[in-house]
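In the part that follows, the structures are each spelled out as structure tokens.
Here come two complexes built around chain A, the first alongside chain B, the second alongside chain C.
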Partner chain A sequence: MSTTGQGGVQRAGAGMDLSGPVLAASALFLAGLICLPIGWIAAFAFTDRAGAPTLGNFRLLLDDPTLFEPLMTTLGLSCSVAVFAALSATPLAWLVARTDMPGRRVARVLMTASFVTPPFLGAIAWEILAAPNSGVLNRLWRDLSGAEDALFDIYSFPGLVFVISCYTAPYVFVVLTNALDRIPADLEDAAGILGAPRWRIVVGITLPLALPALLAGTAVAFLQAMTLFGSPAILAIPAGFHTVTTKIYSLFQFPPKPQIAAAAALPLLLVTIALLWLQSRILGRRGYAVVGGKGAAPRLVRLGAWRWPVFVLVFAVLALPLFLPYMALLKAAISRLPAGPFDPANMTLAHFSFVFLEFSQTRHAFANTFVLALATATAGTLLALVVAYLVARRTDLSGRALEFLAMAPIAIPGVVLGVGLFLAYTRGPVVLYGTLWILFLAFLTIELPAAFQQLRASFRGLHPELEEASRILGAGRLETLWRITAPLLKSGVIAGWCLIFIGTVRELSAAVMLSSSTTKVLSVVIFDLNEGGNLGAIAVIGVAMLLLTFAVVGFANWITGAGGGPRPQPA
Partner chain B sequence: MKTIILAALAALTLGADGASAQAPAYKVTPELEAAAKREGKLVYYTSIDLKVAEDLAKAFERRYPEIKVHVERNGAERQFSKIGQEYSSRIFNVDTVNSSDAAHFIFWKREGWLAPALPEEVQRLYPAGSFDPEGFHAPMRASTSVIAYNTNLVPAAEAPRSFRDLLDPKWRGKMVKAHPGYSGTILTATYQIGRDVGWDFLEKLAGQQVMQVQSSTEPPRKVIAGERPVMADGNEYVVFLEQARGAPIAAVYPTEGTPMIIGPSGVMKNARNPNAARLFHAWSFSLEAQQLAVDVGGMRSFHPGVKEPAGRKPLSEIKLMKDDPVAVEKEVEQIKARYLRFFKT
Partner chain C sequence: MTHLRLEGLSKSFGSTTVLDAIDLSVGQGQLVCLLGPSGCGKTTTLRLIAGFMEPSAGRIVVGGRTLSEPGNALPPERRGMSMIFQSYALWPHMTIFDNVAYGLALRKMPRADIATRVGRILEAVKLSHLAERYPAELSGGQQQRVALARALVVEPEILLLDEPLSNLDAALREEMRFEVRRLHDAFRYTTVYVTHDQAEAMTTADLIVVMNQGRIEQAGGPEEIYARPRSAFVATFLGGANILSGMARDAQHLDIGAATLRCAEAGFAPGARGAISIRFHEVAVAASSADGALPARVQRQTFLGSTRDLVLALADGTQLRATAPPDLAIPGDGNVFVTLPPTRCRPVVA
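Up next is the complex of A and B:
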């Protein structure tokens, strides 16, 4: 980095090297973003109502079955979802990435699209589909089979596992397809030349090489299941059980017990950190040494006679997170009875007129949501850009420390962050509760790692030579960043921006803790409507919300001319 | 009509000590209207069904087009937590509040969060004892929590007649009920059922695989959808509204007695739109608003001029349990803890 000094000398002022101060400021800001809420949680978890230090909250967590059972439920839920998501996503990812299945590009896009669907909306749609008695699918089943019992009860532990898996499997899928795309054909070819049958190549070569990615994706699925709030609130409570997240939320009912809520939040934090550590150990040892090398392009496995049966199977699986739920929502939007028969007598436009003409929260909630999503996406992308740049160009300890800080929020579940920010900003000196700022901080913290990962990957593909050329020609570090680096990063930046935008719109677990009546966002409005049983209004708002999201994401890609849509790259 | 409501009110003193002074009532004057129009809006927190709340707000806006009503609807208990949070952060967003848990007004009055605001019409026409003599709250609405069943799925002869009937094994897995941690109607009803039928009943009911929803407005909708043929509790007014639409649902007034729920309204002391709040508050007790609450909201009213629509069972024919907000306020934590132990959520 000898050029740093030169630039500073040659062009004092405009070209002054600001990277030191910028790095320090970013680090300080990130540290504050993370330490403040976590610090408050720790402080509350270890104090009693009077503020004296105690371990009593944790003892209560273990002794009181109404607190301990949710912990166990969540553990079982997360493990089940991780296994289920991995088992369903792995064959799909392989089929889409490594075979000549027809329609595999469409399948890939659709799988990514289900990432845009908020899990709570999916859960509500699945209520319409598979409530044991009124659910559309169960009625159909009864009519066809003449059976008395329901085919599937969505208000149950397996039901919850199923619905959460529907919306976490895409994470596994995306990580896995990215890895499978990059596995070079040489190794597979070598095995083929040595006479290994095709199935042995898949099981013996391809899958082991993709294993790190599979583990990474599965870890994300586990964490998602552990920290989701909306789906269990919608499906577990009717079935008569709590998960940790719904329990934490209920602890804020009057009289609020923030100390116990904080204590219950800590295990989530610890498990997350442990899992991420484990994952980095595994990924550190194996993995990308082979994957990512520039070998021959991957060779597609010919399915032969299996092509079309496999096609049907894949699209049947895609019906679960996408086609069926969206059909259910569209039908609910125009039906008097959401699960009623599909005939003109049951049709109505009343839900549209209610949502857009009568419901006084509609306009506020749409405005709040989109202002927040735009602000968070823009600020978050800028922050991620600066941090990723510094991390990429600083190989010393300060760079790695900054990287750690930018990735740290991934270890903080939304509901934990919600509790922390609530504790931090509902009392003095700075009261942010009741303003959009507290939601902005929460969303920024939650979404930063995804955008950072996206941009870090983009920087890695960018050789410093280009920047060095610019610096040699006399441009300062920031000018170089703006004129050389930024244009080359455009598609990464757009993808990062879209990721944050989508993530913000679908966020519920922190928003439900932090929004007040004037700062409600759409996810919270939908959650409230669900508790009052207003399914028709939910369907209208949900569909409108998705259309707007697609419109914004499409527009962002269009004006910048970037081809690639959002490519989630979780953990 | 008057006498029945009076009977129902016997216990409803809301902790007002008899000695307290009579508050001066206020009239809707041109000055109040002008001041309210200058404010131009008000924020109304209520636990009434969302559609009914918006209907009331729209009726007020038709009367006063210059004033916009922002409705914030939540379950009474959720709303109570929310107001507590907002007030402890010194956020004074709510102007006027209505809750289906009358006990909340005891708490808010004691905390000094309410302003005395007794509409003249309430003082003149509403039964003595129904409203706070100091004017901190008055009964904007009343309803009951009932058992109900889907008439397509359950023949009338087989429908449950009492709470104890719900313990019959034939209803196992066939019931839905709302949550006292969310709904004020259900918290109030749970207290009354525990007191008059017995907590052992609720403990046994919990063993019947009851589907648990949140708002008291939701069980009737689950029954109509056919998701569960019977609701163990839920509010009467949504049953009325759905019946009027021709939905297959019928209410049962249990032989042990029917929980009576009174929903008072009050004006907040720290209201940002105090005049608009008072205007709306006074209007909501007028014959026009009360008749609307009864007709399109399915409510019971304390206004003596209100006409009950035909076909609704008059309160005089219902054996009512006594609403006792003072006891509810004292026992709320215990009620919720017991409920959690029995029903697990």
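Up next is the complex of A and C:
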């Protein structure tokens, strides 16, 4: 007897067949997100004003010193930042992960927390602290020493290196502490039992094992420094020099030279791709990195008498990206003169009333930022969820291709994407410039890889048998999705959503290219206010922006955690 | 009475054939073990029965009703089966009680009935005191029993087990083997059990199906398969055996080089190559010569307490393993005599 004629029989795999079209649609959409802007950049870079093919844009890039010097500056800047960040993060990471330094957990949280600070806000805070004439620290120095000259001029190449390093060192730090956490103690004990003194174990075993992570983290620091727009725009332009990103931005000011901007964007793209490839090669060599190896938990080195001096040193270092800038911002928010003395005469609420009552742009910008962040986070999480599901359940080539597409935006610097989207959507058939949609597309593209990585990891932890067990007990595909898959993915989904939300709120480099007078977001408003020197208002907006972020992320965690969070999965 | 029938069941992935036209009948209430090395197709067979895959050819029939055939397979949730997975697949976000109650809740059973049944089955697997715990808080053996309870509580038409004991340590595994058999004796569900462990199969199964390279090598009761392996693969995989190959003189005699061996039963094609299987403990080893005994040298011996494990070489160098009594005195020069009793020498397919 065959079931073909029976009423209740479905084609098995009817749901599975759906995954084909969904896969194709997602792949097409992702490919469009990436190829459209990049394609336009390539098209512009290789044509002249009349649209005829040429290599002239690149020749100009090399011949014109006003174009060539930014390239060299960016190279020098990136190298300096990479070295500086690695040199400062390595001892910190080792102290926090491998010694009994007091307060090492707090130090770790604080270091990670400096991620939340948008780099441009950090740069502005350091303006308040170390501008040559009005900087708080420089005034303090003059008052104390009686000297005429400033102690430190933030509007300089070293100043720029310092500020960018402050906010890229955490990348190195996080990668490195993770690696150090995972080096099993028995590898160090094996050296100890052979008679190696403690310092030789650190130098000869621990650090070499963490070297791949250090290199990978340093590569990220290099990339950050190279592609960052806000900090150089705030600090380098007043100092009278350009980096590639600020130069590209200025090439869009009147009279716009999109062809040259596109040509200048291509090297950024290529170097990013090359470095990311290198990074994945370094981290991909397993066995060397001892990632996930079994073995005893890492043993902590006893610092003895050095414990407290080291503690003071570490927290003094943490003052640079965190304590000092935030104090400067808070003080600026309530002071008439940001660098003025800390007394009632200098205190004011004028900045608050300016920002929230008088300055019309703020309310628009808050609304725009909020709407964009919500929309991007929600759409991005859904997209990442679908793509991660397909990637997790398809082991064939199509799954790998989709994974590549979802991760590809990570190789596109924000400025480059901004240029590409500007070129793509300022002319027909679809004109999105001047609408929030172009910003939405930019943010979605930029933030997708992070959310995808988060959800891919969640799916990897979700054994297919957990779903199959539900199916065989009588639950259909949808019911299984609802009762088993969704609850187990909940924390990953929330984390992915929050990542996108935070990332969107703090994005500047693409936003500055793509927002128009009616579609300004907070980061762009802050950038504009900085050009007008209105530091007090910036401080107010900056703090409000951070509060908004914390509030939304806290709310997201609270509302979804109300029904009892998922339990940790068994090993 | 046949309950589950596989007819010419095949599964291919692209050009790779994983399962090659297998036929199998399982009686109502029988526990059948699919036994074989990894990659033999046993798990594929199980997943086809469960409905997680669609066959490339053939049919799966349960109680006279076709559940699967190419292009037409009932989804797993409509088969009334349950399954125990290698990873246990307990849902980490639900308590033990909720895990076990899941299948009953899907069947829209009243709350009170669910509580009664879950209580009863947790009693049966001795886990009543852990009902409100979460899976991550249980040991491996306890998780295994939860998985059993979750599968049994829905009173499945067919119970499927996919290497259910392979994640347990040796002592627990032995205990759980008997547990599986005890529960089967208590509930009598038609059961398909996939394993690569012959001891597991011997302990639990009514019917053992030895699989190799996508085909069934032999199916039969544990004692039957052990006593009368049909192929060299079955003999070595189940229990281990010496395989001696040579040229057949007639239907009962095989020339293995060092000697001509006689089998009690006929099984060779005269003049063709053939093979004999004989279990290690069936090789009789003695220090002195006896009628029909072959001279051999002891190459290696291992004292194992209750037995003595010997590796022997016949006159032409053919190697032979033997399990001898522990008190066997082996002469200093290592020369012994072995007897291969005709009733123990079985013709097998090489």
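Going forward, the second predicted complex is superposed on the first by the 523 of 571 C-alpha atoms of A that agree within 3 Å, B and C clash if a C-alpha of one lies under 4 Å from a C-alpha of the other, contacts with A are read in each partner's own complex, and residues count from 1 in each chain.
Rule of thumb we're sticking to: a residue touches a chain if its C-beta (ideal position, glycine included) is under 8 Å from a C-beta of that chain, and two chains touch if they have at least 3 such contacts.
Here the structure is a predicted model, which is why all the values come from computation and not from measurement.
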If you stack the two complexes on chain A, which partner ends up touching A:Pro212: first (chain B), second (chain C), both, or neither? neither
In the overlay, answer first, second, both or neither for which of chain B and chain C A:Gly476 touches. second
Once the shared chain is lined up, is A:Gly122 touching chain B (first), chain C (second), both, or neither of them? neither
With the two structures laid over each other on chain A, which partner does A:Asn534 touch: chain B (first), chain C (second), both, or neither? first
Contacts for A:Pro321 in the overlay, against chain B (first) and chain C (second): which applies, first, second, both or neither? neither
Quick check for you: in the superposed arrangement, does A:Leu337 touch first (chain B), second (chain C), both or neither? first
One more residue to check, A:Leu466. First (chain B), second (chain C), both or neither? second
Given the touch rule stated above, what does A:Gly496 touch, chain B (first), chain C (second), both, or neither? neither
If we overlay the two complexes on their shared chain A, which of chain B and chain C does A:Phe252 touch? Say first, second, both or neither. first
The chain C residues in contact with chain A across the complex are 50-52, 54, 64-69, 71-83, 85-87, 89-93, 102-103, 106-107, 134-136, 143, 150-151, 154, 160
Going by the contact rule set out above, which residues of chain A touch chain C in the complex? 1-4, 8-14, 463, 465-466, 468-477, 479, 483-484, 487-488, 566-570
So, in the complex, the side of chain B touching chain A is made of residues 43, 45, 49-51, 54-55, 57-58, 68-75, 77-78, 80-82, 84-86, 88-91, 93-94, 179, 181-182, 209-215, 217-218, 221-222, 224-228, 332-333, 336, 340-341, 343-345
Mind pulling up the chain A residues that touch chain B in the complex? 66, 69, 131-134, 155, 237-242, 250, 252-256, 337-340, 354, 358-361, 426-427, 431, 433-434, 516-518, 528-529, 531-534
